[in-house]
Amino acid sequence: MQGKTLGELASHVGGRIHGNADLIIVSAGTLDKAGPSDITFFSNRKYESQLKTTTAGAVILAAQADTPASQLIVEDPYYAFMQIVVLLHGHREHKKIGVSPSASIAPSAVLGADCHIHPFVTLSDGVRVGDRCIFYPGVFIGPGVQIGDDCIFYANAVVYDDCRIGNRVILQANATVGEDGFGFSTHKGIHHKIPQVGRVVLEDDVEIGAGCGIERGTLDDTVIAKGTKVGDMVTIGHGTKVGPHCLLVPQVGVAGSVTLGHHCVLGGQVGVVGHIKIGNLVNIGAQAGVIGNVPDGSIIVGSPAIDANKARRAYALIADLPEMRKTIRLLQRQIGELEGKEDLNK
Amino acid sequence: MQGKTLGELASHVGGRIHGNADLIIVSAGTLDKAGPSDITFFSNRKYESQLKTTTAGAVILAAQADTPASQLIVEDPYYAFMQIVVLLHGHREHKKIGVSPSASIAPSAVLGADCHIHPFVTLSDGVRVGDRCIFYPGVFIGPGVQIGDDCIFYANAVVYDDCRIGNRVILQANATVGEDGFGFSTHKGIHHKIPQVGRVVLEDDVEIGAGCGIERGTLDDTVIAKGTKVGDMVTIGHGTKVGPHCLLVPQVGVAGSVTLGHHCVLGGQVGVVGHIKIGNLVNIGAQAGVIGNVPDGSIIVGSPAIDANKARRAYALIADLPEMRKTIRLLQRQIGELEGKEDLNK
Amino acid sequence: MQGKTLGELASHVGGRIHGNADLIIVSAGTLDKAGPSDITFFSNRKYESQLKTTTAGAVILAAQADTPASQLIVEDPYYAFMQIVVLLHGHREHKKIGVSPSASIAPSAVLGADCHIHPFVTLSDGVRVGDRCIFYPGVFIGPGVQIGDDCIFYANAVVYDDCRIGNRVILQANATVGEDGFGFSTHKGIHHKIPQVGRVVLEDDVEIGAGCGIERGTLDDTVIAKGTKVGDMVTIGHGTKVGPHCLLVPQVGVAGSVTLGHHCVLGGQVGVVGHIKIGNLVNIGAQAGVIGNVPDGSIIVGSPAIDANKARRAYALIADLPEMRKTIRLLQRQIGELEGKEDLNK
């Protein structure tokens, strides 16, 4: 690693420097671990005390502060930090191996230019892949799948038949896209499998985490719209439409036939029941259980999920329930006594 | 696709027609998206308004209703719908590829007739597979596993040593069956692994979702009885017995040594603690936490799970806790004042 | 199986016998299913009634009890049971297949002595593997990964680039280690991927369950310290440090930048928010939601998680909320009447 001066970094991200512009920065680190040739960032108040004691050479932050590090002051520190990490470290580099003779590629599959297909990858009949895609070992692409340009599918990711994948889509390892939706018709106690005729559509710039399962639709497609990022072990039910630019944190479960708007954030382990509509810019706290439609801009938490302001006080009061009941019983006794005296007063 | 007349569909499912029996139906669609040559169904009240405005050629439903579509009236609309989707679209067709030379098949493995084994599949020593099974790429079958007829294992599904798999079992992609149970003996602060000597038994017509983990038993087998369907990312603990014809919705977690009866339905993200007994025909709402035995026929929700009728009101009242506490404090003040006056009355 | 006398088992585990020391024990079984040549154990009070009716030849327990079985009395029955299961049944045996010609091994990868590498395994550039490691089919090891001795990676487990794996580490099937952390910088509505420069470090004797996802760190490593056992489908966020000898039961989710102490136990489906510190010897009940720092030795349950003693009563009272509100309303009426009479008394 060669490093950049803090001045170069500042002009790269459009910030101003308070401190030593000639400082050579070699890599990025956390506030508590960064050394004199590292740059770090400050955006979470929780770490304010570390700002004063950091041994980092430089820190990215939104406003000048009390810190021994040279300061790179920008409007959006986390965004500037991302740009600098990309500049200093880059994204993962993928070995240019071409198309491995140990891959299993159907004669009817069509590959774009400069694709890198590792051993033990399967491309089934009628698969179409765009340019510059990278498929790691064990990736399986079912018949008729169409994939755009610049996709990266990590080891053992699976895409079932006929799904549609946009450009720059990332599948982390062991992710599954397009498995059968959980659709059964129960008749006289027997669950009959309903053919899942729909597909999964992943639009441009979608990322799917390790171990996810994105069910194909029963009739309609399941859609994850552009720019949405999905964490590990998330499950999306059949026919659900996730809007663009959402963040679905690990272990979220969304049932079938749900509609989510754009820029929603679902915290870890959130569950959403089927057949509801969640608006735009909705923020759902970790472990919440959503059981009804949610208007645009809502911030909700809890199971069942309610308005966050209300919920934080309400759910915290669960701990006080024993005390509350004790008080109620005391009140009952007091009132009983008062009523007795009242009768005597008559 | 060639299509069928609505009359043909009606006789296929044993229903009667209100409308045009000669209408040609080509495919199935949802109430809001189906077109004039599509058939749809109505069984969820939520979509009642769409029934009046649907552009579908025909709709399957339980009783004559106000809709522009021709009506196919049957006792169980969702079951008839399933039959018609199967008729019009069929289940997924699997390419007849025979046994790939790129599969790794132990000399002692025995394959039935008409099996289709894709590249990169492993069948270990002593594996026995019935007739007409289909194993997609990356499937791993451990030593001594026995598998019935007509099974479909999707890409990268894994079955550990000695497990027993019935007929018509489906494993979705990246599912794991028979991994070691989470069994450790903690002695002087060290967790010692207990050999997991039991197996997993999947009976006939079981389906296991993508990314599931079904632990083998410590001593006893883990059993999933016939006809039970398991959604994505479900985990079943060691030695647990899931009864026949259950539905375990995605992300359910059942700990070890649990017994479930027949025809239970566990909603998404339900958790069940170990060493308990859940009766027959039990219905457990999404995200519930079950911490004790459950009698036959119970409908429970919440964490901790309680009777659903009670729970729906009780859990909804959490939102009212701040108001309730305010009222209690007001009552305390009022009673204090009354008691003061009472003293004055003396 | 040849069997051992109960006397031999007693001296193996350092226990004393009440009953027949010459009894031949062939295998281990559960209290309710063990037969006359089986040994079982008793440590969970729940099964006390089965102790009196067991048909087992022998039972391991902590104190002499009323049972028809011969008794092997030891201080820690479950630990003795583990030792005896290992003695009678042993751990899984792995076929000695050497290095398969159907594996894909980079010329620069270095393998220790007596490794067994199955078909369709990938070892990328610069991988170093210690002695006696076993990699099942479909395992993928990314560039630069270093692995100690005596590791067992089951089918389709994946380790991303540059991760560090200690000795005796077990990865169950379809586990993912080192996928990108869920790290994005959101700027003007677009989520920009932050290169995840950290690694995952799994120390000695760690076990990772089927279908897990252990995210690599953004800058710092994600660390799972020695002796910690992780159940199926657990997700660990980027940069989190899990201390030694913890137990993380299936479906636990720990967000990023969390620090856990040693000997913590996290029950099934527990969720932990990011950027907090959990002390040593902390016990967290199933489905709990942890949203703040937790001191050493705490036992907490509930979502939000609170002290377990308090929580068990508090969360159980949710079921009484409708009754409590009814009582409060009644009290309001009674007080209203009393105040009315009080006014009349004036």
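As written, the chains take the letters A, B and C, and residue 1 is the first residue of each chain.
The criterion applied here is as follows: a contact is a pair of C-beta atoms (placed from the backbone, for glycine too) under 8 Å apart; a residue touches a chain by one contact, two chains touch by 3 or more.
Because the structure is predicted, anything quoted here is derived from the model rather than measured.
In a homomeric contact, the two copies may use the same or different surfaces; for chain B and chain C, under half of the interface residue numbers are shared, pointing to different surfaces.
The angle of the rotation carrying chain A onto chain C, fitted on C-alpha atoms and rounded to the nearest 5, is 120°.
Work out the mean CA point of chain B and of chain C, and you get 24 Å between them. Under the contact definition stated at the top, the residues of chain C that touch 2 or more other chains are 120, 138, 156, 174, 211, 233, 251, 269, 303, 315, 318, 320-321, 324, 328, 331, 335, 338, 345.
Those residues of chain C lying in contact with chain B across their complex are 27-30, 33, 44, 46, 76, 78-79, 81-82, 85-86, 89-92, 95, 100, 102, 118-120, 136-138, 154-156, 170, 172-174, 207, 209-211, 227, 229, 231-233, 245, 247, 249-251, 263, 268-269, 286-287, 303, 315-316, 318-322, 324-325, 328, 331-332, 335, 338-339, 342, 345.
Only residues 104, 120, 122, 124-125, 138, 140, 142-143, 156, 158, 160-161, 174-176, 179-180, 182, 184-187, 189-195, 197, 211-213, 215, 218-220, 233, 235, 237, 239, 251, 253, 255, 269, 271, 273, 275, 289, 291, 302-304, 306, 310-311, 313-315, 317-318, 320-321, 324, 327-328, 331, 334-335, 338, 341, 345 of chain C touch chain A when the two sit together in their complex.
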